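Both of the next two complexes hold subunit A, though its partner changes from subunit B to subunit C.
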Partner chain A sequence: MQKWFVPAAVVCGLMFAIAPVLIAQAPYESTMGLVQKIFYVHLPSAWIFLLSAIVCGVASLRYLFGGNPRHDRTAWAAAELVVLFGAITLITGPLWARKAWGVWWQWDVRLTSSLMGWMVAVAYMLLRKYGGPGSDKLGAGLALFGMANVPFIYISVNYWRTIHPTTNVVPTLPTSFGLPLWFSAVTFLLMFVLLLRLRVRLEEQRSRLDALYLATDE
Partner chain B sequence: MFARIVWLVLRKDFTVEVRSLEIAYTMLFFAVSCVLIFAFALVQEGQAPEGGAAGILWIAIAFAGTLALGRTFERERQSETLRALLLAPAARPAIYVGKLLGIVALLLGAEMILVPLVALLFQAPLLSRPGWLAIILVLGTLGFAAVGTLFAAMLVRARSRDVLLPVLLYPITVPVIIAGVRATAALLQPEVDASIIYFWLALLVCFDVVFVTLALWTFEPLMTD
Partner chain C sequence: MHRILFAMVCVCVALAGPAIVWAQQPAPQQQEEFVPIDELPAQDQLPAAPLLVAAYSFVALALFAYVVSVARRMATVQRELERLESDLKRSGRT
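Moving on to the complex of A and B:
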């Protein structure tokens, strides 16, 4: 384990302890009130959801055309984080939507493409777990197709009307809202890096163990 | 050379299929049962739900397509004929295109039966504009089969391939299903708005181009052990 890991984990834990205080101290939003506080969890987890999907896609592409198992391990670890952060996003989203829009779910661009992206990641995990030998290449192919799929889902659903706020909202936020948001975004980012590192390390050790077993068999 | 290999693979698949007609019959029966189940579930007191026909047609195509894809490659798995095919001194993309065209032809054949059946059971004017419907069906089937052929070919060596094929295929082919259903539904309106159909057709064409290109590009590295 690298030297930075334990201190970083401690910092991440501390930040997770401080974040609720900052969120509680942030002012109430005028129209939505208390329920708007979900925003500080929903948006950062959605960003990290997207980030892990990009990491998974890029690593898969490099594995498919380079063949280095290191990239495959990164892709697998990132796919699991897509599922984790996607689940947080997809649970906090409807909770907020129920209060803000009056409905749990809307077939809107962001919601649909997030759900489909999340489903591709779940399919990836099922494949890796139950696919047996050869599923690493297949998984890389799936991730690649999943990435190519996003613009199509985006265009096809964009044709329908939307009520989800756009990304233009973030830069216009006043500091009182912005500070807890960015704080929790950094916290989530740190957690992402730590989990990714931990998961990749697990895979590294697993493959080293496999190699040792093979060596003793010979 | 490329076209010749495509033709040879296509002819081989066709000859094997014609001898038993196993996939054609089972897939067709399955698709018809699917439509009938929908009819039992949704048609009440002789009244079909409004706008249901387009969705049911595409669900039946997607289900039957999955079955056909799985069976086609299951046949290649027995006695390792897929390996033999890949060992042949032929361009891998040509083998892929041959397989793809075979599946598309099979599905288009099934649609010839499905379309009148859905039109009949759900009282939908599906056949009033056959030209448009044919274009939508060909483009949609091509997109669905382009992804499906690649995935089914890759899954040949995987464990639990029967379950994994729909699990992998459906999330990826969602845009095709959306575009196909929306375009068909637009066609069923009393007054057809051509701009809506053009929009979905354009989306289907883009999807087909991107996914066939991507499949041709990745078939080689994906099918290499």
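Moving on to the complex of A and C:
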């Protein structure tokens, strides 16, 4: 493991400890009250969900055209993080919506496209695990669909009628809301980098193991 | 493999009913911005805490479970690597 990993993990742990303090000190939002504080984990996890899908897609694209197994390992690692952060987004969202909107779920374009993006990542994981030989290229193709869905998820709230807040909310946030949000976002980003590195390391070790098995068979 | 796929299809079918019920619920007004205030009416504060606790607990548990899962998988692969390397050394191949 690289030298930066342990110090970065310590910093990330400290930031996770500080974030709840900042979130607790943030003011209540006028119409939603206490439940709006779910925003500080829901939005950063949603951003990382989309970022993971982009990383998975770009790595898959490079693997499809370059054939370097390193990119395939990155894509697989990122796909698992799409599932993780997508699950966090899709669970925390309805918990917030139940109070703010009065319903757990709406089949509006943002929520439905996010669910589709998450299901593409789940399909990728199943394909890689049970697909057998050739599933790496098929998975890479599937990851491109997952990445293509990302801009659609992001801009959908600005173009379709939906009850989900638009992308205008974050740029207009007062500092009292913005500070805990950006702190939380940086914490989640650091967590993403660490988990991606850890997961890629696991794939590297598995590749080494496969090479050793081949050596023992010869 | 087939059993997993069959189980996934069953889960999708089971979710279809609640999904239709959700789809029929009326849509509240869309929100454009957040406005801070100092105090909230008591009735607005009551049911929020369990939802908030559930959300934060889920985030903490999901991240913790994932880190434990990756660590366990890494430990398994590491053990396997060490075993194979020692087998190869013993058989005179490196």
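We adopt the following convention: the second predicted complex is superposed on the first by the 203 of 218 C-alpha atoms of A that agree within 3 Å, B and C clash if a C-alpha of one lies under 4 Å from a C-alpha of the other, contacts with A are read in each partner's own complex, and residues count from 1 in each chain.
The rule is short, and it goes like this: contacts are C-beta pairs under 8 Å (C-beta built on N, C-alpha and C of every residue); 3 or more make two chains touch, one makes a residue touch a chain.
What you see is a predicted model; the values in this text were computed from it and never measured.
**Q** Touching A:126, do we find subunit B (first), subunit C (second), both, or neither?
**A** both
**Q** Would you sort A:142 into first (subunit B), second (subunit C), both or neither based on which partner it touches?
**A** In the superposition, A:142 contacts subunit B only.
**Q** Return the chain, subunit B or subunit C, that is in touch with more residues of subunit A.
**A** C
**Q** Of the two partner chains, subunit B (first) and subunit C (second), which one does A:65 touch, if any: first, second, both, or neither?
**A** first
**Q** Between subunit B (first) and subunit C (second), which does A:206 come into contact with in this model arrangement: first, second, both, or neither?
**A** In the superposition, A:206 contacts subunit C only.
**Q** Between subunit B (first) and subunit C (second), which does A:91 come into contact with in this model arrangement: first, second, both, or neither?
**A** second
**Q** Is there a shared patch on subunit A that both subunit B and subunit C touch, and which residues make it up?
**A** Residues common to the subunit A contacts of subunit C and of subunit B are 126, 130, listed in rising order.
**Q** Can you tell me which positions in subunit A touch subunit C when the two form their complex?
**A** 20, 27-39, 41-42, 45, 84, 87-88, 91-92, 95-96, 98-108, 126, 130, 161-166, 168-169, 172-174, 176-177, 191, 195, 198-199, 201-202, 205-206, 208-209, 212-213, 215-216
**Q** With touch defined as at the start, can you tell me which subunit C residues reach subunit A in the complex?
**A** Those residues of subunit C that touch subunit A are 1, 4, 19, 22-23, 25, 27-40, 44-45, 47-49, 51-52, 54-56, 58-59, 62-63, 66-67, 70, 73-74, 77-78, 80-81, 84-85, 87-88, 93.
**Q** Going by the contact rule set out above, which residues of subunit B touch subunit A in the complex?
**A** 147, 150-151, 154-155, 157-160, 163-164, 167-168, 171-172, 174-175, 178-179, 182, 199, 203, 206-207, 210-211, 214, 218, 221-222, 225
**Q** Per the contact definition, I'd like the list of subunit A residues that touch subunit B in the complex.
**A** Within the complex, subunit A contacts subunit B at residues 64-65, 116, 119-120, 123, 126-127, 130-135, 137-138, 140-142, 144-146, 148-149, 152-153, 155-157, 159.
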